[in-house]
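One chain, chain A, links the two complexes that follow: it is found with chain B in the first and with chain C in the second.
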Partner chain A sequence: MALLEVDHLSVTYTPRDQPANRAVHDVSFHLSEGEFVGLLGESGCGKSTLGNAVLRLLSPPAHITGGRVAFDGVDLTEADDEQLRKLRWVDLSTVFQSSMNSLNPVIRVQAQFADTFAAHKVPGDVTERATELLELVALDRRVLRAYPHELSGGMKQRVALALALALRPKLVLLDEPTTGLDVVVQRGILTRLAELRRELGFAVLFISHDLGTVLEMADRVMVMYGGEIVEDRPAAEMLREPRHPYTRGLLGSYADPRLPDVRVSYIPGRPPDLSRTHAGCLFTTRCPHAEDPCRTIHPDLLPDRGGLVRCLVAQENRLPVVTLGSAEAATVLGSHFPATGSLDRPADAADAAPVLTVERVSKRYTSRRGMRTNTVEAVRDASFALRPGRVTALVGQSGSGKSTLARLVTGVERPSSGEVRFTGEGGADVRVDRLRGRALRDYRRHVQMVFQDPFSALNPTRTIAYALSRPLANFAGLRGAAARERTAQLLESVGLSPAGQFLDKLPHQLSGGQRQRVVTARALAPEPRVLIADEPISMLDVSIRAEILELLGDLVRERRLAMLYITHDLLSARLLADEVLVLNQGTLVERGATREVIGSARDDYTRLLLDSIPNPFGKAAGQQTLPST
Partner chain B sequence: MSTPAPAVPAPGADTEGVQAAATAVARTTRLPGWFVILWRNRKCRIGLLMLAGFILVAVFAPLIAPYDPRDDAFPTSLGPTGSHWLGTTAQGEDVLSQLVVGARTSLIVGLAAGVLSTLIALVIGLTAGFVGGWVDEVLSFLINLGLVVPALPLMVTLAAYAPVRGLWLIIIVISVTGWAYGARIKRSQIITLRTRDYVTAARFAGDGTARIIAREIVPNMTSLIVVGFMGAALGAIGGEAGLAFLGLGDPLTVSWGTMLNQASLGGAMLTGQWAWLIAPGLALSLLITSFTLINFGIDALSNPHLRED
Partner chain C sequence: MVYFLRRFVFFLGTLWAAVTLNFLIPRLQPGDPAEAIVSRLAGQSESVDPAQVQAIRVMLGTPDGNLFDQYVQYLGAVLHGDFGISYTYFPYSVTHMIGQALPWTVILVGVTQIISFIVGTLLGTWAAYRRNSRVDSVITLGSTFLGTLPFFWLALLLVYVFAITLHWFPERGGYGGGSSPGWSWLFISDAFQHSVLPAVALLITGPIGWIIGMRNNMVQSLGEDHTRLAVARGLSRRRVAITYGARIAILPNVTGFAIALGGILGGTVLVETVFNYPGMGRLLLESVSSRDYPLMQAIFLFTTVGVLVANFLADLLYGFLDPRVRKVESA
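This part shows the complex of A and B:
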């Protein structure tokens, strides 16, 4: 008997004002003791709903509308609260997506452990046991005395993991445990998780949209699309030969940035609307291999080469064979985005006069606590230049000073020493570090930002047309019909067409990718000469990241923009940037042409960043890329 | 509590749940959805109906009231009879007519003092929260002062020593003593809202501070402002009744407070005129109850988990 058995489970959201939405539809799977299973899919595919259904944590308007979940022989769908209480955490625990919010902010870490032990009547000394648990996740015992806000995101996530393991559960459900964390921190947590599982032998259901991490960690991977499982097979097999076109599309988003020719693909289109019924295969509209029967016959999840797949074409063995991670794969898999190395660039770009020059800039923050003053040097002696038509990537992990540099460049803050100079049209120099008031506002006309999180960069109460009309009114003096016309043109230029469809929508009616396009359009509205993009793709689904990168790349070339691309993700830097600057603790440690810096990194820190990128193909090729951090 | 987006958007918040919740709340910021959610909540619906009843009575008071509330041509201290349903006062006025007209006073005071103190709270709270620095220090000091000064004694003192009398004096006294709490809440809310990316984005789009506050931030704290208004209006109605009961109200205005005051002076307890005593008190508590019930619905508006789906 398997540890967790899910049989024909369906979950439906029935909100009052919207049509019912079947988020999970007829899902069956088994999970054996000690097995590590990945559950993969993009936003809205129902993976978290499935996870919550397994834990019986669904809240209205979501309801289990069919099927059953059995854990260790107990039917969870029928169990009452008392039975569930005995099971939860003792045998079945979880780490939620944002542990920042799952730890109680007003009590110390030790008290959180004490609560857990007390609730389940565990005898013995709390401090001793908690220390042991913290050691498991490689945390110092001093953490016990800390409040959650005193810990970094990675440390909080480790505490949450230690709490989940506190009662030695048989199954741990991890819902996007490392999303939002830095690559290097993520690597550390995942490495520790893999070691722990080997030591303690618990089973894991790992929910994530990040195929790279899932494939690297899991024994078996289930891919979800539109509330259904579309493929289920051992990770190694899936890497060798993914059988569903959707899985192939997801895998196409990965590549090794160190290769001489890097291409990634993306899946165009949007996931299906689950409130309507669809006749054929749900993936048809986005599928490069769709055939006529796919539009009318809904495929079943059938055994196929050692796994299960829900695809008519694959079941009849008519999928083209590709080698994933190779250059030609991206072309076969549909839309693709080649790295800039192979693009035609204006020949003069490299030596065009810089628009923005940063010279020996430092920034110190002084904080005072009681009698002591504390000085932190966020940026130390940094110099670089941005040129029209070129993308400069600023790479580093969180806390390395990337965002501080962006604030200095945009005039939000002033450097403690050094100069930031902007060369306006006609060659007049502007000292950005001395601007204030009106002059600063005029400068911002030329320097615009694309924000990291498209969900918070647009005001939820304002329409798209309003958001775009503001820079037009303030900088170009356009109002009324003229502004609306220009707004429509801007939307078309970022690929949102027909623009009429989007003008009067509110941000929440758009997908993440569409929002990021709107944010980009707003940045383009004043016709800036410099664009600062602060991690513009880190909040987006992996499958559409390349799409936004392609848009940014095209804009830079067509409009001869100078772009500062801030990221911790070296693959995207490799794809988009001409030049890379690596920032470690406020100091630029390495710089040069993208291909040279990434292809043959000289600095240890750059290599650490490179090794932290989830690289499923490295595992496939038998190369262990796990560093010993 | 009033932001349509979750207060702290989880990093990488791409999971279905968060997005669905945000979607649902954002829908409600448009007026129709806003009302639908209030109406759907059973407690709130009862409150709205009760309040609508009071408003109708107040608006059509001259038509509903059987007599002029100041007409003292009737026999004094009558119990409930056919021609005077709730009896008459010690001066020979009709109690029912006073009760009906008194609804006007309570609602006008509630509305006017509610709006006034919400405005004061908005201006001071938003300025303190958005500008920060020494402006915040000074305004926060004022707010804290307003919070710790006991409101009722201050109201009594102001009302007793003011050189003028009248309903507007009462309204101003209540507003001046009651804005601090709302200002405090609005200040802390704007401190969390002003660091949002869309505010930075508006600055990059060239918008000025006043416009950013009015167009980007205030729409995102609508439900907080409404809750603040309801609280202030509630306090004002109670405050007016309290002052009037203590004899500090405007003797020329007919209100539930002055009715209670006169009932106690006129010895309603001794003459057994329970209707004269109970009717204004009951009306007052029903009006306050209706506000409280509506507030349940407003809570549901700002927190989707409280909705009755």
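This part shows the complex of A and C:
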């Protein structure tokens, strides 16, 4: 008997005013004692719903509509509230996504431990036990006296992990535990998690969209698509030979940025609408290998080369063989996006006169607390230049001063010392750090932003046409029919075609990738010369990230834009940027051509950032040489 | 500590601003309002005490004289509670009139407000705890329905049914002809009888806002991740509802409640008018309709100060209840 048995589980959302949506459909899997299983999938694939169903934490309108979940032989789907309550946390605990508030904000950390112990009548001294647990996750006992808001994101997540281990459960369900955390912080937590698991021997169900992390951490990986498990096999096997085209697509969107030739692919199209019934395979519309039977026959999850796969073509052994990360793989996988190494860049781009120069800029923030003043130097003596047709990546941890630099460049803030210069039309020299009022407004038409979160960067109550017409009216004075025509052109230029389909839609009717395209189109509306993209892909699904990168890369080249690409993700920097600046605590510690900085980093901090990237290929390296061309 | 100190300084600042505005506004009027009042008083009755004239001048200003000296005098008068005399109730002073009306309002409205808040919070908590059940529907729909009825209509209905038709309670006033204010049993029972109908009217509508607010806040906090995690940790339903639901949901209501308490000093004009109740609301209405400036001004000052003090107390309480606020303020 396995520790966790999920049999034919289905979960359906039945909202009052919308069609029912079968988020999880006929899912079966077993998890043995001490096993570390990853559940990989993109947003909306049903992975979190599945996790909540296992924990019996679904809230209306979601309901389990079929199947059962058994833990250690006890049927959780049949258990009543009191039975469940006694079993919870003692046997089965969880850590939620870090970006959410999983700790009660108005009581101290200690009280949350006390609550847990009291609920299960654990005898003994709470402080002593809680201190021990905090030591497990390398936190000081002072944290007990703190309120959650006084802790950093990483510390909160460590507390959540300590709390999850409080009663020494047999299974810990981790739902995106490090999403939204900094790479370096994430690395620390994952390392600790792996060590603890070895020490304490609990089983883990690790739910994440981040395949680098899942593949590195898990023994076995299940891939979910459209509410179904489409592939299930040991992580090392999956890396060596993914068998489902979707898994291949996902893996294709990942690569080690340190390799000399980096290529990633993306999966065009969108996930299926689960409120409708589909004949055939759910992935058909996005699948490069789809055949006629795929459109009518719904494949079963069948044994295949030491794992399980739900694909007719794979089951009949007719999938092309592919080595991941190679150029050949990219062509086999369909759409692909090569790193800049192989791009045809205008030869003069590197020497072109800079559009924007930042010279020896520092920014200090002073906060006053009682009689003491506290000065934080957010940016220290930074200099760089942005040139037309080139992408400069600004890389660093959160809190390293990346966003402060962006604010200085856009003129939202003024530097404490140093100069920001912009070369205006006709070569006019503009001192950005001295602009005010009208002049600052005029300057902003030349410097536009693409924001991180496409979900909150657009007014949810206004149409796409309206969102794009505002900058046109403000900066170009276009109104009415002229504005509408220009809006349509802009949409076409970011690949939303035919534009007529999108003009009158509201943001929520578009997918994340489409929304980010709209945000990009809006930034292009005033025909800026500098584009600042602040983590533009970090909120998007893995399979479409490369698509947005490709769009940004094309725009930079075609329109000769100068781009400042702010990111913590070195892979995307490697793909998009010509030049990389590494920022550590406000100081630029390393800079140079992208391939050199990432391929042979000299600074310790740059190396730390590189080493923090989850690297499943390192794990597979035992069985296989790193893919290269 | 920084938080509390900061709030106190802020409170003193606003208080000073309110008192100063009260000093400046009559002085911005053209002419000499004090003279106008004195002449109206003189026309009304035989003699005006020169000391009273002086008090009016201090409150409302004289066209000649140093503004700063006037301000100092005014602050002194305010500190001593000397607001001049009311000319509708001449020769009674404004302080005397307010002193007469205040206990009525504070007892009637204060008690009903406190009961409303407690009842409303409890009902709201219950509705959220049993969300989407019959209890929830009855509480939510019932209170929404009552909330849509015009208050004066409800009050008149109460008077018609329980006073005029059934004769259970007196229909108007604060006490009957047979008793006079004092600490006698007769007066207290009489005043209680008179207060039942207005109190009921206030209690029908009072809790509605607290119910709806509490229910919605709590439904939201019960949907938060920390609540889900508390359930996953195996905490009992009751524990989750209280520490993770109600404890957080009550925060915005605390501020609302304090402000409502502060507003009591202004009286509840509508209810006191319908029931002809001798409180601050009726006094305010009368002072406005008879253009009794000194009285009006004093009532406004009272109300402002009341709201400010209540707000200050709410801030203190909030800082105590919600640790996040302290942090934000001191950061």
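Rule of thumb we're sticking to: the second predicted complex is superposed on the first by the 618 of 629 C-alpha atoms of A that agree within 3 Å, B and C clash if a C-alpha of one lies under 4 Å from a C-alpha of the other, contacts with A are read in each partner's own complex, and residues count from 1 in each chain.
Rule of thumb we're sticking to: a residue touches a chain if its C-beta (ideal position, glycine included) is under 8 Å from a C-beta of that chain, and two chains touch if they have at least 3 such contacts.
Keep in mind that this is a model prediction, so the values were computed, not measured.
After alignment on the shared chain A, the placement of chain B and chain C results in a clash. When the two complexes are overlaid on their common chain A, residue A:Leu87 makes contact with chain C while staying clear of chain B. Note on chain A: of its two partners chain C and chain B, the one contacting more of its residues is B. Once the two complexes are laid over each other on the shared chain, residue contacts for A:Asn101 go to chain B and to chain C alike. In the superposition on chain A, contact is made by A:Ser59 with both chain B and chain C.
In the superposed model, A:Pro15 lies in contact with chain B only, and not with chain C.
Looking at the shared chain after the overlay, A:Met539 reaches chain B, while chain C stays out of its contact range. Applying the stated touch rule to the two superposed structures, the overlap between the chain B and chain C interfaces on chain A comprises residues 59-60, 97, 100-101. Touching chain A in their complex are the following residues of chain C: 2, 132, 223-226, 228-237, 239, 243-244, 247-248, 251, 321-324, 327, 330-331. Residues 55, 57, 59-60, 81, 84-90, 93-94, 96-97, 100-107, 115-116, 119-120, 147, 149-150, 160, 163, 367, 369-370 of chain A are the ones that touch chain C when the two sit in their complex. If you check the complex, the residues on chain B that touch chain A are 3-5, 8-17, 19-20, 22-24, 26-27, 29, 33, 36, 40, 196-198, 200-207, 215-216, 219-220, 305, 309. Against chain B, in their complex, chain A makes its touches with residues 13, 15-17, 23, 43-44, 46, 48-49, 52, 59-61, 97-98, 100-101, 153, 175-176, 179-181, 209, 410, 412, 441, 444-445, 448-449, 451-453, 455-462, 467, 470-471, 474-475, 506-509, 512, 519, 522-523, 525-526, 538-541.
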